[in-house]
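Please read the structure below before turning to the comments.
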Amino acid sequence: MSLTVTDLRVHYRTPRGEVRALDGVTFTVADGEIMGLAGESGSGKSTLGTSLVRLDGRMRHVGGTVELDGVPLPVADSAAMDRFRFRAVSVIPQYSMSALNPTRKIGKMVAELLASRGERPDRAELERRLALVGLPPDVLGRYPIELSGGMKQRVVMVVSTLLNPSLLIADEVTSALDVSSQKAVAGMLLGLRDEGLVTSMIMVTHDISLVYQIADTIAVMYAGRLAEKAPADVIVTAPRHPYTRLLISSLPEVGVRQAERRLDGIPGTPPSLLDPPEGCRFRDRCPLAFDRCAERPPFAEVAPGHSVACWKAV
Amino acid sequence: MTGVRNALRVALRNGKLVAGLAVVLALLLTALVVPATIAYGPNEYVGPAAAPPSAEYWFGTTTFGQDVFAQFAYGLRATFLVGLLGGGLAAVIGMAVGFTAGYRGGLVDEILNMITNIVLVLPALVVLLIVNAYLGVRDVGVQALFIGLTSWPWAARAIRAQTLSLRSRDFVDLARLSGMRTPGIIVREIAPNMSSYLFMTFILLFGGSILIAASLDFIGLGPSQGVSLGLMLNNAARWSALHLGMWWWFVPPGAGITAVVGSLYVVNVGLDEVFNPKLREM
Amino acid sequence: MPRYFGRKLLIYGLTFFVAVTINWMIPRFMPGDPVQSMLARANIAQPEAVEAMRVHYTDLFGFDLPLWKQYANFWAALFRGDLGISIWLFPTPVADVIARAVPYTLGLLLPAVLLSWVAGNRFGAFAARRKWLDNTALPIGYLLTATPYMWLAILLAWGLGVVAGVLPVAGAYSFAIQPEWSWDFAGSLLQHWLLPFASLFLVAFGGWAIGMRNMIIYELEADYVRYLRSLGASGRLIRRYAFRNAILPQVTGLALQLGVLVAGALVTEIVFSYPGLGHLILQAIQNQDFFLLQGIFLFIVVGVLIANFVIDVAYVVVDPRTRVGMGGAA
């Protein structure tokens, strides 16, 4: 078992109160698994991704545990997490285009970053990995401003995986790109795993059709909780959760990009996470809702590797 | 409306904003009300010469027996006036130049940018020295006019940058497509979207005008009529208040200027925190 | 990069042109006959001086010539380094009067600006890291930047000079000694320099500290810092990067603040009767010495332009982005 997340709860502090962005999330990611993490914006998928690396100033760990390769990750203690960051768990952030210090040459920045983690830069290995994502070695002598957006993102991919992390979080890495670059980037992510540079990966995205191309499994989030997790083709061909079904059926066809917006096909909006209702969070919009949905459905395994949080699916 | 009420609630909870506003309003009230309650003018010789503060003359009197508190209250009035007029004019010019340059772009931008940069590198106070020395400045209004004409460039630059970032937004495109003309788009679409920024710019220009006016008055190039806080400092220095130990003559005017400008700056920090929630976390 | 400097130099050239033109125009726009009113206001007893001045002015203004010719002559005189003759110190040329005062102003201004910039930046960056320090230092910083230079100067002169009596409050050296190369004189210079320096330094320090504090906080929110943090980079590396990047707008700020700093030096000199340009300005105004005033104006403008250019060069050194031909913030 590479990653085990148990009942993880993370809240956001806002002037209007605590937003329960993650409200009891439980799942596992196996060694070598690429898990797609899908959901609408505001579903908590990005919060889940960042929680595993670094809680930002307004995020608060409320409960639950994370275990990576049998070792508990101290997600609530940022200082203690430093030991695991980069080496055990790493991230390709959403803001890759601006993730590099604008006033440092890339090679120098990498060297300084590695030195601050007590690692020695291995120039030959660095150049080999740049070549893997199609970058010439001379990018190391350039400033970020001299690179295109796509090149910067590939630099970040290389930097983030330099220490061969056990788990890589790729957070919406394709959302700023055009369709052909998206495919290229997805291919590179796959390459990172196949080359053994990362053990397993969580790819946070709103684009199921894209993640389907490289993911082994897909987890769907709704309103701070997981709705369903299953092998990728099962999610696409035989989803069990009513929300996943609507999500999949709203995709015109696999391979066509779905814009980030509320689903038109499903009436209503997700509940506010400031004070979410008891029970299943989807029940107000769910065509199958019945009495029992007032009770929270467990995230239960209905088939090997297939878990669903719905009374109807059990 | 809930947005406004929400913003107000956040604003009232911001200590810096409330404290700064309290000081500014107290001084403004002093400037507006106190002169009406004093029977004599600020430059009349009413009391004993060089008297330290007393129950009768709160801030004491000058070497000539003028009431320092009366001068202070009238001087504050001039200070607020020069800030309002000078800062206001600079804000208007800065907005006109900044919006036009940022929205129009192209050659208009090039030319306006050039003018802005030229006025920006000219040291304002030194230009004002020459202008005031030759043309003579009789009242606060003229002084404010010249200050406004020289202190707008940084505001124009900042507003231009903001406008540039708003120019390509969807709602501006929409307005353009719907046939709205440039001035209309600027006034109705762009300006409201950076109103908080414009307001904070005005506050800084307001404070800057006050400081420049004080320096001019201190050098002796201020309005030849009336009284101002800078002129009080000038008189105190000229008549050796320092060596005579008449601290009550030079402490209040400087403290008045510092209090007005300093609290305005603090108000600005508070506003910044209210408008940019991110900063509130710090 | 040549384009960057080309633009800058063009702007400075135009600014100089505008400044000279203002200088030429203002006496001509003054209501009435400038020569007559200047002589009347100059109020000088020696008749030969009055006559010499009349000749000089009429000649210099050249009111009988066509305007363009007057303007051309004005430029020609300027390039000969001829700024006219001082009225106050008649018949010393204005250029000489200015040259005598400049060392004092520069001796005050340069150390105060540079030291306050360095110290303010360091302190601001330091304060941003500690909440208690930030909460106490910030209001003090805002108070300092809001303080009129002359008022702080007066307070220091009064407190440390008059009341405590530890430092002299007037002049650049003791009236009892002659300027010479001696330790006594140097000591006296230093003593007289301390208070004006301190008041300039303090006000400017407040501004730089606040600017730096705000910039650091902004930088620490930047994406590249978030990325470094999520990779577990050391706090030291992050602070180094943030400081390095926050310095850039402070360099630009130095250029923007030059005018204010010069103005501060002028009024500070007036408070301390320090014999620099500020003191000269006061004398020029009190003696209606317009040639001196105009000369000082031009001199300061040129000085500010040169300083601006030096800062531009410095900016290219500190911001690599200007060197790769992509512009940058300045």
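All chains are identified by letter, namely A, B and C, in their written order; residue positions are counted from 1 within each chain.
Criterion: a contact is a pair of C-beta atoms (placed from the backbone, for glycine too) under 8 Å apart; a residue touches a chain by one contact, two chains touch by 3 or more.
The structure displayed is predicted, hence computed values, not measured ones.
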Farthest chain (mean CA position) relative to chain C: A
Most centrally placed chain - per-chain CA mean versus overall CA mean: B
Mean-CA-position distance for chain C and chain A (Å): 55
Distance from the mean Cα position of chain C to that of chain B, given in whole angstrom: 22
Between chain B and chain A, distance of the C-alpha-averaged centres to the nearest whole Å: 50
Touching residues (chain side chain A, partner chain C) in the complex: 50, 53-54, 56, 81-87, 90-91, 93, 95, 98-105, 112-113, 116-117, 142-143, 145-146, 156, 159-160
Residue ranges of chain C touching chain B (in the complex, touch as defined): 11-12, 14-15, 18-19, 22-23, 26-27, 29-30, 138-139, 142-143, 145-152, 154-155, 157-158, 161-163, 169, 217, 221, 255-256, 258-260, 262-263, 266-267, 270-271, 281-282, 284-286, 290, 293-294, 296-297, 300-301, 304-305, 308
Residues of chain C defined as touching chain A within the complex: 222-224, 226-234, 236-237, 241, 244-245, 248, 319-321, 324, 326
Residues of chain B that touch chain C when the two form their complex: 114, 117-118, 120-127, 129-131, 133-135, 154, 207, 211-212, 214-215, 218-221, 230, 233, 236-237, 242-243, 245, 247, 250-251, 253-255, 257-262, 264-266, 269, 278-279, 282
